[in-house]
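Shared between the two complexes below is subunit A, which has subunit B as its partner in the first and subunit C in the second.
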Partner chain A sequence: MTTIAPKKEPERESVLVRRPGPEELHPSRTHRRRRALQLALAVAVPLVLLLWWQLAAAQGWIDDRVYPAPSTILSDGWDRAAAGDLWPDVWATLKRVLAGYALGTAAGYLLGLLMGSLSLVRAALEPLLDALYVVPKLALLPIFLNMFGLGEGPQIALVATTVFFFVWISTMSAVIAIPSGHRDAGRVFGASPWQMFRHVLLPASLPSVLVGARIAAGVAVLVIVASEQIAATNGLGHLIFDSRALFQNDVMFVGIVCVAVLGVLFSELIRLLGRLLTPWAPRDRGRGQS
Partner chain B sequence: MGDPHPKLHATDLTRGFGRPPHVVDALGPLELTVAPGEFVCVVGPSGCGKSTLLRIAAGLLRPSTGQLRIRTSSPRPAAMIFQDYGIYDWKSVRANVRFGLDVQRVPRREANARADAWLDRLGLADFADAYPAALSGGMRQRVAIARGLAVEPELLLMDEPFAALDAQLRTILQDELLALTQSLRTTTLFITHSLEEAIVLGDRVLVMSARPGRIIAEHHPPFPRPRTGEVRTDPEFTALKSELWDLLRKEAAPA
Partner chain C sequence: MKRRAYGAVVAVAALLASAACSASHTDDSATQAGARQRTVRPVEGCGAKSWTDPANLSPTRAPARCDSGAPAPKPLPKTRKLTIATGTLSAEYVAPLEVALDKGEFKKEGLDVTLKVLPTPDALPLLAKGDIDALWAAPEAAVMNGIRGGFDIKWVAGNFSPAAGSKSGLWVRLKKGESAASVPMAGRTLGTMIGKGSVIAYPMQKALASHGGGLDRIQYRQLGSADVLTALRNGGVDSAWLLDPVWRNVDGKPGYAFLGGQPQGEPLGGMLYGRSLLNGDVDAGVALLRAYIRTVNTYFASDYKADAAFVTYLAKLLKTDGTILKSTPSLRMDWEIRAGTTTRLQSAYAAQGAVQGGDPLPEAKTVDRSLYEEAVGHTP
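Take a look at the complex of A and B:
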């Protein structure tokens, strides 16, 4: 009947056996092996790339003045950290990111909640915000410089604006997506707006808001580094560009590594916070789910 | 039971989930023999491992111990019909029914002809080019049945196929399936919550215990084939239903 003929003796009936596989016969062992393999791969792939880079620098396949060996970067970073040269820049960046992130998250959450629950507010503001959403936030830096002058103001404003849009959009769509049955149950009991928020809207929207917040955390670091390169006298972004201008490429790489570590730590922190705040929600894995 | 060449034969079949020491035993140990052409219904309380049994038969899941032997000439003898239809919203009705044939690389012309024949048989001919979103629940489930049967499976596995339908539609589709399977005589394993459904459709009704699911009773509904939905009004039907319900209630109610 089917076009795929059985491999041997198409006429004769044979027996297909469903039997336990290795995973069923040795569940613990199979699981242990799988975990070990995953961990080994997660460690080995970056390690191999680093070793390759080290080798290339040592062998002179690449110019180690432009691409210093990982060992050079590491020891240089260590020295700078021990001498205390690195911390002012890290701290400056961290301060800006945290301040801007807090402002942007709060504003984005409030407006997203408002626009998600009240269709008139949504009608009034959505076209405007949609238009602003597509403007690259770095293009707003000159405006913020005019508004706040040099200093912390424009940096924080830029991070806040970037974060605001991520959190606003994810909050609004999360609130809109709350099944009407959830709202109806509250409404029938006569829940006040505050009770509705506290018992239904907040917990129902929180998981996707936190996904938006975690993505925003990574983007906040991305933006601050770019803006520090343009208009700041300290911070990691400034350090990276400044050391390139001075042809201190090893310092430049130290800065880049610091940014990477900062970004990962920050977004993992938000993920951890999310796990604590929403124990009922499926785990937020992945990086690209927006 | 005395058949020397059963279609399906399970010995000491069990399945647990999780890793030691947190293993949840879902199924078994279970012995089961199904003759060729037999329509076997399995009823049991929620979470008793009925679906696990079906997924093992389908090859979607492996047993933890024991084995299930299927006598067949094909490496993929089974078709499965799921509770939530499992049909694709992005394929037209005809393309959905053709899906199994497409996977088996049946030439397009022949596949279309076979799909259309099944659509005709299930009263879906007018909807061949529609998308499933435009169909009612009952029609979607007919599409799922047509998709399963279009590959002419040696073994039909149905996992509570009518559970999502309303009571009237259920009855109608039960009658349709009854007529269909009596003409095809495909070996079928049919999982359901509904005793009525099991008695109307089955050559044999197996009652499963609460988790871990074992077979605690076996009944042969005493209605000769070909039967119709009219058996529902037979006094024997009611008697068998209440007998089975007495058994099942003990399992379904938390102890």
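Take a look at the complex of A and C:
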């Protein structure tokens, strides 16, 4: 859009003329171009950085024995995947994340719903949960080790606890924020508790809950990697820190890349799930496009 | 305008891609042109007993020794600052370095030594890059991986082997009908605080193999130092690798058997040098080993724990409990490296899956005996 002021003529009143911009003239073409530019940037920036890294390693600007080139990492990752060495660790981490995530989301949603709906329950539990929320979740690992012993228990419990708080807070605040008129309308129509949940609380709270669940998805991966370093004999976190201790830098970077990919895929899966579950909510089209 | 931007991105990408396909990093060993040529002269006080044949693997071999106070210091023309990394300052095997520092043996050589506590995984990249000069540790799997990756790191001196009376090693809870002579270890659990790729993998493999087990045929439980003994006692694990002086708690008790420990007469750790002392300043590298060897000859030549005053001094220096120090026999300090140790270590690492594939590295790439041989005046 361009705005121009015509030459002043003393006898005429000043008029501001607004010429239509490309958005108005060719809306679909402009939108397509913008999308293409965004997509190009999203691909080009990481690609240029990767090529820069490759160049630095190849030219000896960085020590490629300590910081292996992306091509080395890719080839090593491919070899490990083809040989079947990588999948047991990926699967071990994925299992822990999925189990912990499912437990934490279910518990967080139920308690958030309860505390958001019943002020007495909120008064009773909120101070305690607020206090627990600020405790770094990794600090709870020794307690979970004592409770569940060696094995999968402590890892799953740690992920579940981390996820729980994100989902609980977003659910509770979403339920509290539901306008009282919506509840009143439900009551006027004689809605049963189930109908109130199904037709009022769930649709109104779900978009916010899913935002919390998406944040929790990333944090769940973050926590499990740290936890596997301390108390696991497999998984991507174990792979990363084990290979660091064995001075296998290429394997360490393969582990880091796998964690990044796992985190992105898991987060995108939750976003997709959110879109399917809440078609009425404003559409979140993803990074750089929303 | 937009076309120009796209063009620029494509041009940058093409430039980077083409440049990336060109040169590559040269490894340290490749840049090390030829072997060092150094003159070795006989050293007063270091006679025939100051060197033993590396091929002699007898457990009863007497470790090499010079006279007390030998080899005499040969101060460098200019003081050289050296940093040695060690995983701990309170373990008994670090005592020769701490005594050398305390008694001024390094200073006599013109060395200004700093001992820095750093875990091996943190210290190794620094040693490889030349940010620290030496590492008092062991040729662990990480070291082998580093050498294989092109870093110039070598094991240049040994540290100790256990005394004949030591039972630090693999202990097992006996089941009904079992005795120390017949304990099938395959499929059993083993508790240890020692991580994958440690040199202990080698004696562990040896002890397990003699009882029908192997590193690939047992289940590991990596536990904290305080938990290993507890887990063995309460049945959490079937066997455990017990260190000094923890094994004293089960020694002689019914229901427990000692299956084997670190081989006698074969040190599995010691001094590792990076490129700064292997290639950059070899004189300083020899001077450091000379000070270490002199300290061993002067203070640790035989049963050093027989001297109560020295044990008290050591306990204070190491900041440890004197009674714990007295409860175990003296270590046999030994600066020499046996033939084939790194090959045997690599075989154990391979069984653990702790080393990258390929043939084991030859000893010429992992061990350099010439520096301690020069310090005692031995000509190969």
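Operating definition for what follows: the second predicted complex is superposed on the first by the 266 of 290 C-alpha atoms of A that agree within 3 Å, B and C clash if a C-alpha of one lies under 4 Å from a C-alpha of the other, contacts with A are read in each partner's own complex, and residues count from 1 in each chain.
The criterion applied here is as follows: a contact is a pair of C-beta atoms (placed from the backbone, for glycine too) under 8 Å apart; a residue touches a chain by one contact, two chains touch by 3 or more.
Nothing here was measured: the structure is a model prediction, and the numbers come from that model.
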item: Broader residue contact with subunit A after superposition on the shared chain, subunit B or subunit C; value: C
item: First (subunit B), second (subunit C), both or neither touched by A:Pro27; value: first
item: Touching partner for A:Ala131 - first (subunit B), second (subunit C), both, neither; value: neither
item: Contacts of A:Gln248 with subunit B and subunit C, given as first, second, both or neither; value: second
item: Which of subunit B and subunit C A:Leu276 touches, first, second, both or neither; value: neither
item: Touched partner set for A:Leu16, first subunit B, second subunit C, both or neither; value: first
item: Contacts of A:Ala139 with subunit B and subunit C, given as first, second, both or neither; value: neither
item: First, second, both or neither for A:Val188, with subunit B first and subunit C second; value: neither
item: Residues of subunit A defined as touching subunit B within the complex; value: 1-4, 6, 10-21, 23-24, 27-28, 31
item: In the complex, subunit C residues that touch subunit A; value: 2, 6, 9, 12-13, 16-17, 19-27, 120-121, 124-125, 128-129, 141-143, 145-146, 149-151, 195-197, 220-222, 354-356
item: Touch list for subunit B against partner subunit A, complex; value: 19-20, 23, 56-57, 59, 62-75, 77, 104-107, 151-152
item: Residue ranges of subunit A touching subunit C (in the complex, touch as defined); value: 33, 37, 40, 44, 47-48, 51-52, 54-55, 57-60, 63-66, 69, 71, 150, 233, 242, 244-249
